[in-house]
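Below are two complexes that have chain A in common, paired first with chain B and then with chain C.
Showing the complex of A and B:
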């Protein structure tokens, strides 16, 4: 009962949030003074041509009327047609989505592994120079945003030691046998490890730029919550059983310390996904974010709307999943 | 930590002074830019394109940190670029702070419908990717200093509102608020005279951090060519140019990048330092 109510309530607020996003984006971009139709026609087009094309894209109607038509389409899975590419927005956006998802998830994996390892090491070796070092490194990692880490990584591993690729998603001359756009996943399934390596060599630096600040946050939070757990009675009890310190941390303290970290990692993961916009630009990585910036520069209204809505769906979706996981994992909420 | 409390305090103090020192120097550089810059930041010299910095052979002493592909002085452009960076940091930071903290205070202390509306807007704002949102806004209102500031204010007010709302709620539940109310003081008076001073330290910390964020946002917008005219010197614009000629002229990327890095680091270290200072547990 309690859980079901929580779920329904969260679904409702998610729907309201998404509607709010749609309204704001729709109205904001229609304040644009420039005429996107005039931009896509060759110079010398007559006023009649402009009017015809404006009517074709429905831009001659009032803004609330446009919103009504667009909203009705969206609910049926029709996000309109891109003005510059003249293709359905949904297909374009879905074609780019896998690249961004693979990058974000790889970055999340790196962040969890590095941050988790740092927190565990810091807890095992607490009150030593190692813990101090981890704290200082974490502070540095947090002080500087992903955009700057990306530039520094480009300098370090693209110029000083050119061992990784600094632009693109895959070497263009390679023959790709893929049927989906999940290149990394598919290369693993097909056991084409040569392609996996090439993809990873392109993805590592952008993923690392996104992962560094998140890893620091995970390390900080998890270490803090481990520290609190280590003082609890049941942990002391486990120690009196003669278990090693490493086992006590891993088997006894960690499972309990994970819960508070989980919620914040969820929120931070949405920030990471938001960061892909500029990181993809920086590394010329052909994902959603890079396409979004092009769409904004070209004033491609339907495409911008589609991308922003998709980002909002991902953001709210991640938050929803984290909340539900929290509700399912937390016994106090489950029985409440 | 193995270090004693005094040692920790001394290190924190050093961090505070170093970052304040860098930012103070930067303000001076921005104010005295015309006196300090060795060259006109806009002047092009196509015969002196991509000259290396002074210690590399082939350099020209007139351009201490070298030139970009159009033969413009890198040092002078960094110096003049600090003007835009600091203008945006100060103006956008302060306006965002006032609006965000004000709404947060109202929502957290006043509660009721104000809280419902503000919280709902915060939720919607959290569903936008901020970089995309800022690029979108600039594309809508057109490039320019005013647009950059407006974009930062519109996007980042939630950073203040979220924290201040939670803090004001916590303060509102405290005994001193209740006793002020019993003493017959008005809610507005209590909010401004009692609660506001108590949330001010955290607001100051957020403001410092926000200024660092504003510098980054300005650099990102310049990087995607959406801040001000591409001729005018901006750190982000220089970084964008440096990124594309990274294999031919590393100095076009490295010097503005280092400047931006130190500035952002200073703002955030200053914020963190102030946070420790205000934290009663550490003091």
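Showing the complex of A and C:
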């Protein structure tokens, strides 16, 4: 009964959230000091020049009036023009989005695989030295933030043992046949595995920096959840059926242990996406985050607004996917 | 012929007190043996030891668990697991927690037949459907597609009973299978288990704290107190006159099994003290 209602309610709250985000960003970046027009003009510019340009970008109007004009544009798909690049914000932002999405999803995949494997191994070998080792490794992974992992990885695999690229997204001298900006996906579809390898060699270290803390969180949460599940009656009953310990963990405990982990991993994934801002800067990776930092440095107000709105849309989307997965995994929700 | 023979089994908490002390009991093929004793006596622990599901905090110190001529405690773990899975089954105490909430009933019942006994999926599905019909579940095909939360406690216990009989085991351990149920459902379930046991000729170790139940479904019984068997008797002989004072007191404390309205008498304190001294406890 409630599906349509749920979706409508969801869309409504999403709209309100995005509006709130838009208002806050819009006003905050106009209150902090720094004049974007003065910054883009050469030192000798006259006050007259500045006033003319300021009027051109509509920055001479009151802030609510500016918001009104901008908001009306956004509703028609026009996010304004970047002050520094003099290009439409929407096109610029959408062109960078694939790079950040590919990086975030690669990091998420690594975190889920590594964290999941650690949780399953730790559960299978619980109360042994192996579990102790996993706990210690997890504690270490969590006590260092992602950007420090980035520096450590650059030092280890970029400087001491230079086996991975530490800068950029792809080797520029390569012949790139791509028609979309989803380079990694497209290289796989075109079966250009040479390009896939080059891309991965660039993405691995930034992705690892983002993935290491999340992998540790997944390992801890999932292992705890698995261990609690392993004591439940239906797991004990399944044991009497003659199944191996590995199968009992995988088939009986894991599906139930996933549920409580999933929600938290969703929240943590949005933090990971937030982490791309600094990590992309660190690895000169041409994604949204890197662009965001440039935009802030240049006080490129329309660009900042566009990027922040896009991040907010991504976060909302992640939360929606998590909720849908939760419903799909939980039979109680699946059947009303 | 003896199918299960537990010999001098001693089990303890790791670095802790003994939970079972030199327990011996036999279950003949096709026999129903009651295992009675107050809560905490170690009844479930015996069942868990037989089925190989002792908690990790607990270890077997000594003794034998001979199943069909083979001492399970001497087998490698994987072999023991498969042998027990193929020949024994458990009817658990609480039907509300004994089914996996995220899996459909069908696979929960057929997996063992397919994965451990090597049946085809189709044969296994047909088999469990027949069994569900045998435990008087209406529309078995539909129930096999349902999730546990869609079914009542009584339904779930019927499913668990059917599931226990699915692999045609030689021995079933029923651990207080009616305790968690409504009084009105208890009788039906008890009857159901007794009927299934008789039809399939399965040996049954029936754990209960209710002597009235023992008198109805068991041929023999073992009385457990503080991890020790204090009496091992045929049901007829036991109800005619228990040999051990604790058994006698337990029998006296049970509302007369023919008269459920009779009052409950506590076991007299002097008897308790005497038994505790005898089994070396406290």
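Observations on the structure shown:
Going forward, the second predicted complex is superposed on the first by the 316 of 336 C-alpha atoms of A that agree within 3 Å, B and C clash if a C-alpha of one lies under 4 Å from a C-alpha of the other, contacts with A are read in each partner's own complex, and residues count from 1 in each chain.
Going forward, a contact is a pair of C-beta atoms (placed from the backbone, for glycine too) under 8 Å apart; a residue touches a chain by one contact, two chains touch by 3 or more.
Quick caveat: nothing in here was measured; it's all calculated off a predicted structure.
Clash-free side-by-side placement of chain B and chain C is the outcome of superposition onto chain A. In the superposition on chain A, A:127 makes contact with both chain B and chain C. More residues of chain A lie in touch with B than with the remaining chain of the pair chain B and chain C. Contacts of A:200 after superposition on the shared chain: neither chain B nor chain C is touched. Within the superposed three-chain model, A:7 lies out of touch with both chain B and chain C [touch as defined at top]. Using the contact criterion defined above for the overlaid structures, shared-chain residue A:237 touches chain C, although it does not reach chain B. Measuring from the middle, so to speak, at the Cα centre of chain A, the directions to chain B and chain C differ by 90 degrees in steps of 10. After overlaying the two complexes on the shared chain, residue contacts for A:159 are found with chain B alone; chain C is out of touch. Of the two partner chains placed by the overlay, only chain B lies in contact with A:307; chain C stays clear of it. Legend: residue contacts after superposition of the two complexes on their common chain; A:252 is shown touching chain C, with no touch to chain B.
After the two structures are overlaid on chain A, the closest C-alpha atoms of chain B and chain C sit 12 Å apart.
Chain A uses residues 127 to touch chain B in one structure and chain C in the other.
Remark: chain A residues 13, 16-18, 20-21, 24-25, 28-29, 31-33, 127-129, 131-132, 139, 142-145, 147-148, 151-152, 154-155, 158-159, 166, 270, 273-275, 277-278, 281-282, 289, 292-293, 296-297, 299, 304, 307-308, 311-312, 315-316, 319 touch chain B in the complex. Chain A contributes residues 127, 232-244, 247, 251-252, 255-256, 259, 329-332, 335 to its touches with chain C in the complex. Considering their complex, residues 51-53, 56, 78, 81-86, 88-90, 92, 94, 97-103, 111-112, 115-116, 147, 149-150, 160 of chain C touch chain A. For chain B in complex with chain A, the touching residues are 1-3, 120-121, 123-124, 126-133, 135-137, 139-142, 213, 216, 219-220, 223-226, 239, 243, 246-247, 250, 253-254, 257, 260-261, 264-265, 268-269, 272.
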